[in-house]
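Order as written gives the chain letters A, B, C and D; numbering starts at 1 within each chain.
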Amino acid sequence: MLNRRTLLAAGAAAIAGPLAAPRIGHAADLTGVTADEIKIGSIFPYSGPASAYGVIGRLQQAFFKGINDAGGFQGRKLNFLTYDDGYSPPKAVEQARRLVEQDKVSFLFNTLGTPSNTAIQRYMNQRKVPHLFLATGADKWADPEHFPWTIGYQPSYRTEAQIFAKFMLEADRNAKLGILYQNDDFGKDYVNGVKDILGPRFDAMVKPVSYEVTDATIDSQVVQLQSLGCDAMLTAATPKFAAQTIRKVFDIGWRPKLHFITDVSISVGAVMNPAGPEKGVGVITAAYLKEPTDPAWANDPGLNEWRGWMRQHMPDADQTDGNYVYSYGVAKCMMQVLTQCNGDFSRENIMKQATSLSGVAIPSLINGITVSTSASNYHPIRQMQLAKWDGHTWERFGGLIEGAG
Amino acid sequence: MASETTTPTVLASARPARPALRYAGLLWAIGIALLLPLFTAESYRLFQLTLAAIYAIAILGLNLVTGYNGQISLGHGAFYAVGAYVAAIMMDKFGLPYWSTLPSAAVVCGLVGYGIGFPALRLGGLYLALTTFSLAVAVPQILKYKGIEEWTGGVQGVLVFKPDAPFGLPLSNDQYLYLLTVAIALGVFLLARNLMASRIGRAIMAIRDHGLAAEAMGMDAARLKTSTFAVSAGITGLAGALSAIAVEFVSPDSFQVALSITLFVGMVVGGVASIIGPAFGGLFVVFVPNLAEEVSKAAPGVIYGIILIAFLFVLPGGVAGLLRRLAARLHR
Amino acid sequence: MLLEVNGLKAGYGPTWVLHGIDFAVAEGGVTALLGANGAGKTTTLRAVCGMIRTEGSITLAGKPIQGKATEDIVRLGVAHVPDGRGTFMELTVEENMKLGAITRHDKGVAADFERMFELFPRLKQRYRQQAGTLSGGEQQMLAIARALLLRPRLLLMDEPSFGLAPLIVQEIFGIMARVRDEQQVAILLVEQNANLALEIADTAYLLETGRIVVSGPAADIRQDESVRRSYLGY
Amino acid sequence: MNGFLHQVIAGIATGGIYASVALALVMIYQATHHVNFAQGEMATFSTYIALTLVQAGWPFWLAFVATIGISFCIGVLIERVLMRPMDKAPVLTHVGLFIGLVLVISNLTGWVFDYTVKPFPSPFHDGPLFGGLVTGHELGSTAVTLVVLGLVYLFFRYTRLGLAMRAAAFNPASARLVGVRVGWMLALGWGLASGIGAIAGIMVAPVVFLEPNMMLGILLYAFAGALLGGIDNPGGAVIGGFAVGVIENLGGTYVVGTELKLTMALVIIIGVLLVRPAGLFGRVVLSRV
C-alpha cells in the first residue's frame, strides 16, 4: 500500500507538468463533444436536507434549454445532464462516475457542496476531466499544483473572514470577538479565516461557539457569547439561523460594537426582514453578488437582465431566492469560457480557457467585481465589498477589497 | 473466483433435505449472474453493483438484529460509519493494508454493538427504535468533534485509495473490488444463513416471538440478545469498511441519518427476517433513487417516496415474501 | 331460537378448524359448549362474533350476522368474555366498566353499574385502581361485568374458570347462575370443566376436532355414562 | 450567575417548542400506538397552509382554526388511504411506510412552497419582555401548549370518545368486543395528532422561521422529550420537552460544549431510561396473571 501511495504521489508530480499547463496537451480529448452537441455534467442535491440548493441546478437546466431552443451555441446543442446526490459524498462519487464514464460528458460544471466535491476531486483529476466553477466557498479548490483540473468560483469563506478580522482590528485593536458558526466546513472556514489574521492573539480575543443544523434555535449560543463579554460578533450561519441570531442579539439588549455576517445570509427577504429590519441595523457583510430583494438593486441593469430572463424562462420561480442570481451568473461565466474556446472544445482547451478569463463582467456581480483567472490563479472571484445594513438596504462602503486568496 | 466455487457446494450442502439437482442449476445461474457483470458491465456499473453488494451486507447485519431478533434499530448507519472510519484511519494514518481493515472494522463495530446491546436490553421496542435513531443523528456530530479531529479529519474527512488487484491479476480496480465485495458478501450471507438455521438461530427467533417463553425454556435471552446485537453491528461495520475503500472517502456528511433510514428501507423492501432479502434491498436502495430521478428532476424525493409506498402496498412482505409465495406455489 | 348456526366452518390460516357445525342457543338459559383442548370451542365463539374467517350461516334472532364486523355484531347485543379476559390493563376498573357500556345511550346505565357493584362488590372496592393490578379472579369478574354492561341478548363466555382457584370459580359460577335467573340474557358457555358447566347449563354440545359429536339437554348428558367416560373424562 | 439564569430561561423557551411537538407525538401514540416519523413534516406542511391563508388576508385566528381543521382531515385521509389497507402488515413495514411518507411530504413541501426562509406572523405581542429574557410570543406559545395539553387531558379523561380511542389503541381486539369502531378511532387519532402538529408548527414557526426542514431537528428533540417524560403520558412529554431544552443549554454551555450537546442530551436520556424504562412519568403496565 505504501508503495502504491508513493507511486501515486510520484504520478501526481509527473502529471502535474502537462496538467498544470493543459495548453500543451497533445492528443486533444474531445470526449462529450460532437459536431452537434457538447455534453455538460452537473450534480446537485435535488433531494435531501440541502435540497434548497436544487434551485441552482434547476435554473441551469432552464438556462441551457433556453440556449438550445434559440438554436444552440455555435451550432451545437448544449446537452446539460444533471443528477441528484442528496448531499451525500458516496452518491456524488457514483453520479460523477456515471457522468464521466457512462454519459461521457465533456466536463463537470458547478457541482455543489464541499463534502461531495472533496469526494470526487481526485477522481476528476486522475481522469483529467475539467471540474469547473464548484458551487462551494471552501478555500481548497485553488490548488493548481495538485489539482489542475479543479477550479472554484466564488470568493472563499475564509477570505471573507479575513476581511472581517482586518476590519475589526482597524476599528478596535482590543475587541473581543464572538463567532457563532455552523459546525461544518462552511462555518469552520470562518473560524480559520479569523485565525489567519489574528494568529497567536486568536485564543485571547475570540470565543468561537458552534451550532448544529439540527438545533432548533441558537438562543443558548447567543446568550453565552453575550455573557462571555464579547463586544464584536461574527455570524457564520445559514439564513434561518442568521435571522434568528440578528433577532436574538437585539432582543436580549446586546449591542455589540460590530456584527459581521456571512454573505451567504444577507437576503433581505429571507434574513433581514424575518429578523426584523430594524433589529439588524449596523450589521456588516462583505458581498460579491447582487441581492435580488435589496431595494438598492431595484433598477440595476444587470439584475434587470436577470429578472427579464427569469420572467421568460422560469415564470413560476421564486424571484426572492438569491440562489437564482448566483446560478444565472455562474452559467454566464461558463458561457464565456465556451465562447473563448473558439470552436476547440477539447478538455484541455476548455480547462485552458477556464483559467484564462480576464476581467469578465457578469451581470449578477456587484458592479466593478469581475471574474479573472490564470494558470496560477484559480480564484475566479477575488473581490468583495463591505456593506452595512441601514434598516432598508445594504449600503456599500469603501472600495472593492481584493481577497488574500 | 470464490463465488464460482463456493456458491453451489456450500449452499447445496446447507439444504441437504432438498433435491440437490434442482438447486444446483439455480445456484450455477446465480453464480454466473454474479460473475457476468465482471466481463460485460462498464466500470461505473460495476461500481454501482459493488455499492449494492456493500449495502446488502449492511442490511443483512440490520436484519439479524431487527428482523430475526426483533430489536428494532433505526440507527445502524452509526455502525456503518464507525466501520468506515476504522478502515479509513487504519489506511490513512497507519498505512495498513486495506484487507487488514475489514476484520478490524468488524471487531470494533462488534464491540461497540455489544456495548449498545446492554442498554438495549432494558429498552423495549419503541424506546429502542428511537434511541438508536438518535444514535444515528449523534454519530456525525461526534465524528466532527475537535477532540478526535486529528484522527477523523473533522469535517474534511479522510481520503483513501482503492487497492489494485493482487498477484498481478489482469483486473482493473473496479473489477477487483467488485469480486472482493461479492466474495465477502457471499461468505457473510452463507454464515448468516447457517447461523439462522442452527439451534442458536432458532433461539434468536424464539426470543423475538415469545420473549418470556424463550427465557422459561432456559435460554440466556439477555446474552443472546447482546451477542446478536454485536454480530449485527459487526457485519454492518464490515460493510462500512468496504464502503470506505470503494468510495475512497469518508466524511461526517457521508453518514447522516439518511443512511440509517436507507438501510432500514432496504431491509423492509428486501424482506424482514430473510437472508436473501437484503440482496434485493441493496439493489433497491442503489438503483431506485436513480430511477426516481429519471421520472422527475423537480422532486425526485417525492417519486422515490411514492415508489417505496407503492412497493410496500404491493409487497408488504418485501421481495423475500414474494419469493416465498412463488416457491410455495412451485412446490404445490 | 336466539342464535342459529348452520354448517359453520371457521379457521385462522388456509385450513379450517371447524368443519361445518350446527347448533343453536335458546332465548334465556345457558348453553354449554364442551370439549377437549383444541376441539374448536374458542374458535366457535370467535366465529360467532366475526373475529375470524368463516363460512356457513349464523343468524341472530333470525337476522344473518355472518360476515359482519365484530363491532357491528357486538352492537346487535352480543357480548363476549374472551379467553385471556381482554382486560384493558392500562385503564382503571372504572374505565374498563365504562367501556362495556360505551355503545349505550339509554338511561339505564347508572342502574346497571349499581347492579354490577352488587354482583361484584370487589369491583367497587377497586373502582379507581389500574385494572392490570387486579388478581386473575378479579379480572374475570371485571370481564363479566364489562360484558353485562352492554346489556347483551347473548353472552359468550370463554372458559371463565381458567386458571382460577376453586373458591373463586365457585363464586363466579354462583354469580352466573344469578345472572341466568335474574336477567334477560342467553349465555353460550365454553368450558373445559364439563362437570361445572353441565351443572349450570340447560343444553350442551360436545365438540371434537371441529365437529359436534354429541348434543342434547345438559341433564341427559350428565347422566350418560358412556359420554362421560369417552369425552368428558370424569 | 446572570448568564446561568439566561441559559435556563432560554432553555425553557426552546423547551416549549420541543414540548409542543412532543405532545403531538404522544397524542398519536396514545391513539394509535404508532410513533409517526412523518409528524414533523406534516406539521411543517400544515404551517405552510396557515401561512398561505394568512397571506390571502384571513385573520390570524381564523386561519389558525381552519388550518387545524384541514390538517385534521389530512391526518384522517392518510390513515384511511395509506395505513388502513396495511393494518395487517408487519410493524416494520409500517415504519417503512412512515419513511415513505416523510420523503413524499418533505420533498413536496419544498417543491410546492419553495425553500426560501419565510417569516411567520405571531398572534402575540412579538417583542422582548422583561429585559429580553423572553419574548411575548414565547410566553403566548407556551400558554397555547399548556391549554392544548389541558384540553387533550380533559378529552381523553372525561369523554366517551377519548376513552374509546384509548381503548382502541391499548387493546384493539378487546375494544372491538365492546363495540368500539377501532378503525375509525385510529383515523381520528391521526386527525387529532395532525391537528395538534399544526398547532405546534404554527407556534414554532415565528421563532425558528418557516422553511421545509423546519421540524427536522425539533422532531428529534421532541422524541427525546417524549421518551424522557414517558411516551404514554402527555403531561410527562411536556415536562420532558422543557427538561431537554434546559439540559441541552446548560450542558452545551457549561459541560461539554455546543458541539456535543445533542450527544450529551442523548446520554442523559438513555441513562434515565435505564433506570426508568418507561420514562420519568410513564406508566409501567402492571399485570398479574
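Quick notes on this one:
The rule is simple: a residue touches a chain if its C-beta (ideal position, glycine included) is under 8 Å from a C-beta of that chain, and two chains touch if they have at least 3 such contacts.
Treat the numbers as computed from the prediction; the structure is a model and nothing was measured.
Of all chains in the assembly, those touching subunit B and also subunit D are A. Chains that touch both subunit A and subunit B: D. A comparison of the C-D and A-D interfaces places the larger number of contacting C-beta pairs at A-D. Each chain's centre was taken as the mean of its CA atoms, and the one lying most distant from subunit D is C.
Between the Cα centres of subunit C and subunit D there is a gap of 42 Å.
Centre-to-centre, using mean CA coordinates, subunit A is 36 Å away from subunit D. Work out the mean CA point of subunit B and of subunit C, and you get 50 Å between them. As a whole-number value, the distance joining the C-alpha centres of subunit A and subunit C reads 74 Å.
Residues of subunit C found to touch two or more other chains are absent. Residues of subunit D in contact with at least two other chains: 103, 107, 110, 220, 259, 262. Shared contact sites, meaning residues of subunit A that touch two or more other chains, fall at 47, 49, 51, 183, 212, 214. The complete set of chain-chain contacts reads A-B, A-D, B-D, C-D. Considering their complex, residues 47, 49, 51-52, 54-55, 183, 209-217, 219-221, 223-224, 226-228, 239-240, 243-244, 250-254, 267, 269-271, 273-274, 318, 320-321 of subunit A touch subunit D.
Across the interface of their complex, subunit B is touched by residues 29, 35, 82, 85-86, 88-90, 92-93, 95-97, 99-108, 110-111, 220, 223-224, 227, 231, 259-260, 262-263, 266, 269-270, 273-274, 277 of subunit D. On the side of subunit A, the complex with subunit B involves touching residues 1-2, 4-5, 8, 46-49, 51, 58, 61, 82-84, 86-91, 93-94, 97-98, 100-102, 113-116, 118-119, 122-123, 183-185, 188, 212, 214. Of all residues in subunit B, those touching subunit A in their complex are 42-45, 47-48, 51, 91, 95-98, 137, 141, 144, 154-157, 159, 161, 163-164, 243, 247-249, 251-254, 256, 258-259, 286, 289-290, 293, 297-301, 304.
By the touch rule above, subunit D contacts subunit A in their complex via residues 2-3, 6-7, 10-11, 13-14, 17-18, 103, 107, 110, 114-119, 127-128, 131-133, 135, 204, 207-209, 211-213, 216-218, 220-221, 248-249, 252-253, 257-259, 262.
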